[in-house]
């Protein structure tokens, strides 16, 4: 790594981050309402996918019940808003209740290990829907419950969609920064170690059980936060919110965005929101078919998810570049191997790089 | 003083009894080898210590009974296991693998210094710190596995077939580095090794297993002198 | 490391691209039509309606019908030149449909898209939660959300839902219609009630009980509930059979469960007269497999002519409807769900409102829509009509009780 590059890089990053921040803050003022509403929904689902990514993408534990925690967070939010709680309290309650339920489920399920966790998580939305219908004092029954708390206050001079955009932006930016530092740190490495090899993780003093419980609980908290945002954006929730099918869609969004990738979670959220809009525009009668086709196309072309697109493009251009000038020093090429600091360098393993890896007998 | 002591340890995988009464002890800072043919129970002995197999008998480490503890609890007491097949985490970079080794440590500053020490010990890894472990050669992965175990700052290192699948020159380099590590860190070691020449380069004493029990124990020098050992393990 | 700047750069690039492609001046989208005062979605020659409804997923069958019926109706009207509006201009009616897969979040998104697509009004969409999800948004943006397919009374409450109107009878209407007929019979009847433990079942039971209040000849001798997720109601049936009831009011919305209860009751020798809700009383899908012929009578309610019934095979309404459904509704088969007929009637009701609206505005449309009385829309049964003038009631609140005759239904003037 040349010194010039090392000096420059943090600065480049800082400038880019600043540009991005300014763009995000300015965007709702310039964009039409529908674009803002779309971005708002992307934020909602990006946070849910992010949580799912922590438990599945990073820790390797199958979770088919993430939507349950989104719904739970939404219901807690509706309940709190309709009972006049302070909005910060509502937010923390949404996260805490989801996290607590997630913790209890994980304490039981993580002991079972393997597919049993998947089975337990399947049960969550399946039990959740009738439960939500039945607990009508709390949930409003099958007619659902509305809660308006995100209309723009007069002093702001903003439209509702702009105000909601900022709410979602603050919460999801915080969620993404938190997740980023989490997966890059000690716990992120523990997640990755458990995902790759539980025995090895244990031999390093990492308890696979506790690590799974931790990941699952964090995922649930993110689910609860996503539920809060859901209500901020939709202002209504009903048992349909937590139906099992949406959990599978979240899972697909995570894989499409990029399993084990923070940026991939954002792309997954975008996929979750954009694709139904796109397929509606193609032909509203064929949404299932066209959604399936898009899913398959992305998986075939980019098995590492959308997040691997720049890398694939780079590899293709690099290949043609090396073809043009083979004189490039080898050292420089070797620097282009995946980065060190990234905890789990994205899902797609780059086959050719696995030189003489020998699996133990 | 004795750091680790196994007393008539048995172990089984389901109905299959693999250890049938193994006893051995490792003194603090000492280095002990386990020799034996395939299937004699060498690897299982290490697993019995690290808690990944159901065991009977008595296993004492650092003054307490550790039989029946979970693997992560055993690790937390200061036993690091370099497993057969290395167990490097392929999707993680070399640096991250080393940091995983230091998972339980709180002294962050010293961790950075120990990473530098590892890279000094295994210079081949220096250029690869950012690479995924899966992209390393077999020898490099073995070095990484040893380095990662060292990062835990253990009192005892369990080393399982570190030469397996490596070219002779590479295996020799790995063992030289481990010997240096032992000298400089004073970590006690329990070493399973098919290649007795390599083993004897590292251990003070060794025990020979046959079908799950000890048949012979002695110092390296004694054992090296015995005919049957020469014939069975030293190729002559 | 190289990757992260790349990631940030990518996001910046995407944001910039989105901003560029989507940017346009913010505005409320007004003034896009022909006249200066007209609402979005209406020009001098056309009006655009939006339907968000499940076109995929478990409820896609009825959902597709909601689009097909309206499209069929206005397809034929457009082919004949269009609708002559109350302001004197003739306009064609365009239908934009959106799939919400019965997901509230998607129906709200679809509504937001409709607003951005300049849709004049949302109509005919199926589903209580999906309609509720954008009710608030429709109110705050003053976009009509009318003649929607939900039995939820909230949509017909003018104070709470100023820009809404439900189309189909609320659950209470159906239960009450049967209760009235039963009370009128004069004979002594003992009634057993089984209902789904949610707003659906509760609505039916409430309507029924209200209508038999004060009728001394009717007594409720047994009452049981079940959960929508239950797979068997055998225990409840045995319980109710022992009550000795001769009339069985079964407010059940689940097809396989209804078939199973028809079979089970006769198995245990209980053969009362049945009442079944309109959505679980299909002769071919439920009564025949359930062996309903064993019972002395099966009653249900309806307000639409059933095209599959032999009695209506030659009915001019039905012939025209089936023809238009095929030609303009993209629905070549015999309708499997009543929603096809209902949304066809929605078309007729909308046309009536269009003819009466004096200005090309949403306000004027709502005024005209709320002023329809005694409209006999095509396919409506004798004794039913569209009446939008009563607060608290959907556009169709009148239903007629019908009795199963072994093949289809015929209107029952009297009970017994």
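Lettered A, B and C in written order, each chain numbered from 1.
Note that in this section a residue touches a chain if its C-beta (ideal position, glycine included) is under 8 Å from a C-beta of that chain, and two chains touch if they have at least 3 such contacts.
Keep in mind the model is a prediction, meaning the values are calculated, not measured.
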Innermost chain, where centres are averages of C-alpha coordinates: A
Pair sharing more residue contacts (C-beta pairs) when A-B is set against A-C: A-C
Most widely separated chain from chain B, with each centre as the mean of CA atoms: C
Inter-centroid spacing, chain C versus chain B (mean Cα positions, whole Å): 72
Distance between chain centroids, defined by C-alpha means - chain A, chain B (Å): 40
Length of the line joining the C-alpha centres of chain A and chain C, rounded to whole Å: 37
Interface hub residues of chain C, defined as touching at least two other chains: 1
Set of chain B residues in contact with two or more other chains: 130
For chain A, residues that touch 2 or more chains besides their own: 338-340, 342, 345
Contact footprint of chain C on chain A as seen in their complex: 9, 12-13, 16-17, 19-20, 23-24, 27, 29-35, 37-39, 41, 129-130, 133-134, 136, 141-144, 146, 148, 151, 159-160, 230, 233-241, 243, 245-246, 263, 266, 273, 276-277, 279-280, 284-285, 287-288, 307, 310-311, 336, 338-342, 345
Residue ranges of chain A touching chain B (in the complex, touch as defined): 186, 189-190, 192-193, 196-197, 199-208, 334, 337-340, 342-345, 349, 353-361
In the complex, chain B residues that touch chain A: 50-52, 70-72, 75-76, 80-81, 83-87, 89-96, 99-101, 103-104, 127, 129-132, 134-138, 141, 148, 152, 164-165
Partner chain A, residues of chain C touching it in the complex: 1-12, 15-16, 18-19, 22-24, 26, 55-57, 64, 67, 97-99, 101-106, 108-110, 112-113, 115-116, 128-130, 132-133, 135-137, 140, 152, 154, 197-200, 227-229, 330
